[in-house]
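Two complexes follow with chain A in common, the first pairing it with chain B and the second with chain C.
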Partner chain A sequence: MTLQISSPDTVDKPLRSGTPDRQAYLAALLQQRPLVEKVSPVGLEEVRDRALSLIQEQALPSNHDEDWRFTDLSALYQTAFQRASGSTTLPTPDLEALTWTEASVRLVFVNGVYAPTLSSISACPAGLKVSTLADADPGAIAQLGQQQGMTEVFTALNTVCFEDVAVVEVAQNQIIDTPIHLLFLTTAKDTPSVNYPRSLVIAHNNSSATLIEEYVALAESTYFTNAVTEVWLGQNAQLNHSRIQREAKQAIHIGKTAVSQDRDSRYTLTSLSLGGQMSRHNPVIVPTAEQTDTTLNGLTLAVDQQIADTHSELSFTGSHCTAQQLHKCIVDDRARAVFNGKIFVPKAAQQTNASQLSRNLLLSAKARVDTKPQLEIVADDVKCAHGATVSQLDDDEIFYLQSRGLDRKSAGDLLVEGFAAEIIDQIPMIELRQTLLNAVLSQIR
Partner chain B sequence: MTTTVQTLVNQPYKYGFVTEIETETIPRGLSEDVIRLISAKKNEPEFMLNFRLKAYRQWLKMTEPSWPHVHYPPIDYQDITYYSAPKEKDKKKSLDEVDPVLLETFEKLGIPLSEQKRLSNVAVDAVFDSVSVATTFREQLAEEGVIFCSISEALHDYSDLVERYLGSIVPINDNYFAALNSAVFSDGSFVFIPKGVRCPMELSTYFRINTEGSGQFERTLIIAEEDSYVSYLEGCTAPMFDTNQLHAAVVELVTLDNAEIKYSTVQNWYAGDENGKGGIYNFVTKRGLCAGKNSKISWTQVETGSAITWKYPSCVLVGDNSVGEFYSVALTNNKQQADTGTKMVHIGKNTRSTIISKGISAGRSQNSYRGLVKMGSKADGSRNYSQCDSMLIGSDAEANTFPYIQVQNNTTKVEHEASTSKIGEDQLFYFSQRGISVEDAVSMMISGFCKDVFNQLPMEFAVEADRLLSLKLEGSVG
Partner chain C sequence: MIIENSELILSVRNLAAEVDGTPILKGLNLDIKAGEIHAIMGPNGSGKSTFSKVLAGHPVYTVTGGEVLYKGQNLLELEPEDRARSGVFLAFQYPLEIPGVSNLDFLRVAYNSKRQHEGLEELDAFDFDDLVRERLDVVKMDPAFLDRSVNEGFSGGEKKRNEILQMALLAPTLAILDETDSGLDIDALKIVANGVNQLAKPDNATLLITHYQRLLDYIVPDFVHVMAEGRILTTGGKELAQELEARGYDWVREEDMAEVAAR
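For the complex of A and B:
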């Protein structure tokens, strides 16, 4: 019986051996957190302490965790990221290409730090208040870090480490026509840097607003963005939210969008994921009352060796809610796209009407897609459906276009354009739509 | 309407009787000695004992998986009887020598083993607790070259075949319960269809757990050589006990070029009472390997029993142009839990798979579909279509879907659809308007819901499945 191996320790070994490294890595990241008294004039200590204790209870995830099974984080763990120091010098021509005339209200953050010279808040219409940590309303700040989904380790890490917050507050009964632009820029650095963008959006009862949240790199470099956005929708409030991730090719982006929807509110998220060697977006939507409406649109483009992951979660709590989700992935070269969409319908959520569709287009033989639409239903009087498709461009469709005089290449491009446009067209600004469509097409050509 | 449907779904389990028969039972518990004892009792060849011990040592190193969407108290593996067999007087030569009590038991279960009464054209292997007690039609099958016997007999008579294939499709360390099964399995069926033979009749195995506190660990191995065909049916029942019993089976199928295996299951283990007390834990590993070109494996299952069902009949499509199919109806009631589905792993070129899964959850039960469709990087031109529909009866039932889709080849096409609905007030009203009673209406709607799957069952089983569902759901309405 020399073979006898009975203790479970041997089983756990491969798991455990990785853990100390990840723990040391986490500790190193935590060491660089800002001194609270220095950066926050308002009481953030409590929420930060809570987040810190949450982190200490958890470990950084690995492939052994179900939520990270398909997304390899080793690229992150192999690089020692240093906190980015804010630099607000930015050549003006750059800025012009990154801002949109339609969105006259703009908050710009460079490496996670507010850049007042680049921002434009003078045109702020009545009923809208945009601010940063320094001048934010204490009542708004008190709402930071209070949502479901804040317990996840990367989100908690952001809560502990963020230096500034973009705060957008729409007053009761106000309809804001001007889109609000939140722009998070990352400048080139010699050493790998990490930044923690944080946004807080509060739309009070019966208000309506349009928000563009954008993550853009100014130059190719290796950095890690860990972004968190919290959205609070009051009763009958409406928010059209576009989230555009155009990080550098070498960047790592992990983002959380946590949304809490009160009664009768309407929320639309159009999320585009284009950049980053590894990117992950977790929208966590919680309608806390009845009759809400949620629309989630997503487009992921992954080329070269990119890994782009979307893990969405929609947890109903009240009855008579509706939700539509359409997530599309275009995957080329040796890239990999991951989608996991979870819809949870508890017993109280009777009369829910939810649909979810994951559509995936593979453009090369080495491209890879892992998709998992997931429904968990306890209520019986509901209508829920989901679907998933994975395929390449349809030969019949290409032939149809060729028979009308297009060459094979343009026929394919046209089909991809149409595939992408279904999502991009949901973005409420023409200029931005065109830029994004061009960005998508230039990547796959 | 809810109360009517509720009363309809609460039908008693009619196979819950215990047969009083003298059994030879080894003490509870599991150790290498127990495995040696089982192996010795069955007088197995050397390689088998090594296989078992290797599996046992692997099992010790493994931990029980916790990812399925089911909840149960921890299983005490030392409190299970791993071998229990009806006491045997002498080696029996024909059915006439089988203990009449046993024959009567199977008679009561609707499985006549005696020559004059048996179902026309279905050969039956009857497994009682840990051993196979009778196999019918063996001579007729042997004329065609088909081997159909219990796996213990196969270990003696065809040990080379068993040695070659056993554990080749489900390796001993595949998962926790497969490893346990590999260590302690007692009996099961062995089928070998030689080259070019179309099996002249349906083959069927009937499993019966009788002894309280015993676990059933059966092992089925079906080998279809080139250009052969077989249709195999499996049925199961158990008496009503307050304690939970573990059933951890392993089924391995392999098809060579142009061969086809059709495997149908009607699973009706005891499900526990309405408070979830008692019942069978049905943790099963079933996997088919389409090794040859143009081969086909088709799984059809009707899952109505068991306190907890946890199984994923899978197809590994290695041969080019091979086909995998999975048709399933899973019905859960009271506090039953089911986490079931399939895995379709496409490896060869132009492989195709179809998944049709229908889940009905009533009472306070949980019914989950969990499936994997994987397109390997060399599976050019492969195709999958999946459809999972759930029906909820009552507001406390739960239906979940967890479809995993992994695609590594852009010439493949994968489609997945799922929906959830309930029997609507308005649908029932429509039927009532036309003079059809609620019972009939519910019965018709459920029949319609499951039709896609029942159509796949062989005739004899389709009738039984329909009856089973009627019993489970529709009360006195036939």
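For the complex of A and C:
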């Protein structure tokens, strides 16, 4: 039954999830896609067309969809986001606090648009190629949008709408010691804006690299980031990937990290979600052959009224693979965190050794976490473990610290710091680790 | 060592305490002077550990009567951290694990909170590093333990040594060791006991809470107290511990009951 209410502000009210207006909302976003490419590398058109037809078969999700059951998207649907136009004029000091001396290779995008003056690619070591759409290798472009997980509607929307792509390519047998920094900045806008950051990382056989992917707001404002990163690991390749989401308090962030691992490759993802009124991260990892190793570390901090959601998927296909996942959430005030970690072990994935642990720390009586570690095992000769804990600060631990001279507050802070540090310490740059630890602590104090 | 006319460090008068409404301590009396080592022995459930936690200020226990003076000051009105800063140290029976906090950072924060209390400048990471490495020797601890998370994955013996390392850094006036010997093999016991002996000075005092006489072969007490049902029943010298080992606790209780009956 539909009730017609003749209130003048009806149209501004949040759309009820499940209403057909989500189609109109999607159409409005699609309408803003770049119809004429600024640069049009070979193959891009096909990539976009494929994604567009995928979208047309789908709807934007609501919390009637199992995958979005705990995460309310009405904050997104009630705001009309306009495509951001790039601005590359940034005061230099701003950038100083956001770049890391250790990561001398840097691609910076402002509101989705490449900012060559802020980037640093001259120090690029041999064997490493970083580029954007304008100078990307056609072979790389052809790999866009090919992975499992690319069919999901927000991801396909990114494929249709992205303005540019950060392309990182590590040549065969090359060990790149310098961390590569992909920095996606958002500036303040008068009207709510939408950005579609896109990254493509290709690590060829036997190569090794370290990647820092960061989303940062330069000012408080309302915007929507819909980010997608695709990672291809060749045989015996190795990637240490840190993904740091430090969006504005009012931002909405939906991100996909799609990873394809060829045999013997090793992939580590350390993912931090700190910002956004509503954020969602979907790592989708597919080891496509045997003997791969996957490490997923996650830390979510949700305070005030934030909703922070992580839905990870790890789908084995071959045998003798290992994986270890540790996801932690710190939830304070009236915030809410969601973790859903699916590990799929099909018949072919014999001898899989996988563990998954979800640990959650609730700092207030109104804080909430929904956690769902999920193992689906078909193979019959595997070692798999999963678990979840939800706890508050432990009185005995606090007393132990007090008995060593720390006051109650400092004791609690140190315990939270320790809880967070277990994940943050996995990030391979000390400067960044310190910045992130301070960012976490300043949020809960 | 017993020193004539030395300062009274701890004076406990008729201390009564309960947990969740159940009385545990029922009129405990104890005086400890500077330089002395006291041992409290007693059967399980006698209130030994409760006494140590009440002294350190564990919030789960409610003091229902009596008083505790520490160097003339009312100890019970101080927060646990203030007790620690003014020199009361409790070595835990079950030291807690704190994942993600490096042992070195933890030790430095603890040490500096005491320095701050004493009006001294905090030691920076480098100076503290030198200090802690020197103190490691007290408990023969591998420096690698400094970089690990506090007590995480430590064996029982390593945890207890870590407690004594903290004690060596904080240099307490009153050290309370709650069953520091339990669960230790003989080698670890010797190391821990040796550490405690090195730290015992004429101007501080040590209170050992133990279940086993064995510890007292390595840390020789000046006084041995027998505790049961929340009180100290009898007090003697180190030979009392041997008698307890040989005869058990029942005779003390019986004598006490006879004494109470005679009154």
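Quick notes
Methods note: the second predicted complex is superposed on the first by the 422 of 445 C-alpha atoms of A that agree within 3 Å, B and C clash if a C-alpha of one lies under 4 Å from a C-alpha of the other, contacts with A are read in each partner's own complex, and residues count from 1 in each chain.
FYI, a residue touches a chain if its C-beta (ideal position, glycine included) is under 8 Å from a C-beta of that chain, and two chains touch if they have at least 3 such contacts.
Predicted model, so just to flag it, every value in this text is computed and none were measured.
Of the two partner chains placed by superposition, only chain B is touched by A:385; chain C is not.
In the superposed model, A:96 lies in contact with neither chain B nor chain C.
Once chain A of one complex is fitted onto chain A of the other, the partner contacts of A:399 are limited to chain C, with no touch recorded for chain B. When the shared chain is aligned, no partner comes close enough to touch A:177: not chain B, not chain C. More chain A residues lie in contact with B than with the other chain of the pair chain B and chain C.
Once the two complexes are laid over each other on the shared chain, residue contacts for A:190 go to neither chain B nor chain C. Once the two complexes are laid over each other on the shared chain, residue contacts for A:360 go to chain B alone; chain C is not touched.
Chain A uses no single residue to touch chain B in one structure and chain C in the other. By the touch criterion given at the top, residues 1, 3-6, 8, 10-11, 66, 70, 347, 350, 358, 360, 362-392 of chain A touch chain B in their complex.
Note for the complex: chain A touches chain C at residues 394-397, 399-408, 410-411, 414-415, 417-422, 425. On chain C, the positions that touch chain A within their shared complex are 56-60, 79-81, 83-85, 89-90, 92, 95-96, 98-101, 106, 109-110, 113-114, 117, 149-150, 166, 170. On chain B, the positions that touch chain A within their shared complex are 32, 57, 60-63, 67, 375, 377, 390, 392-422.
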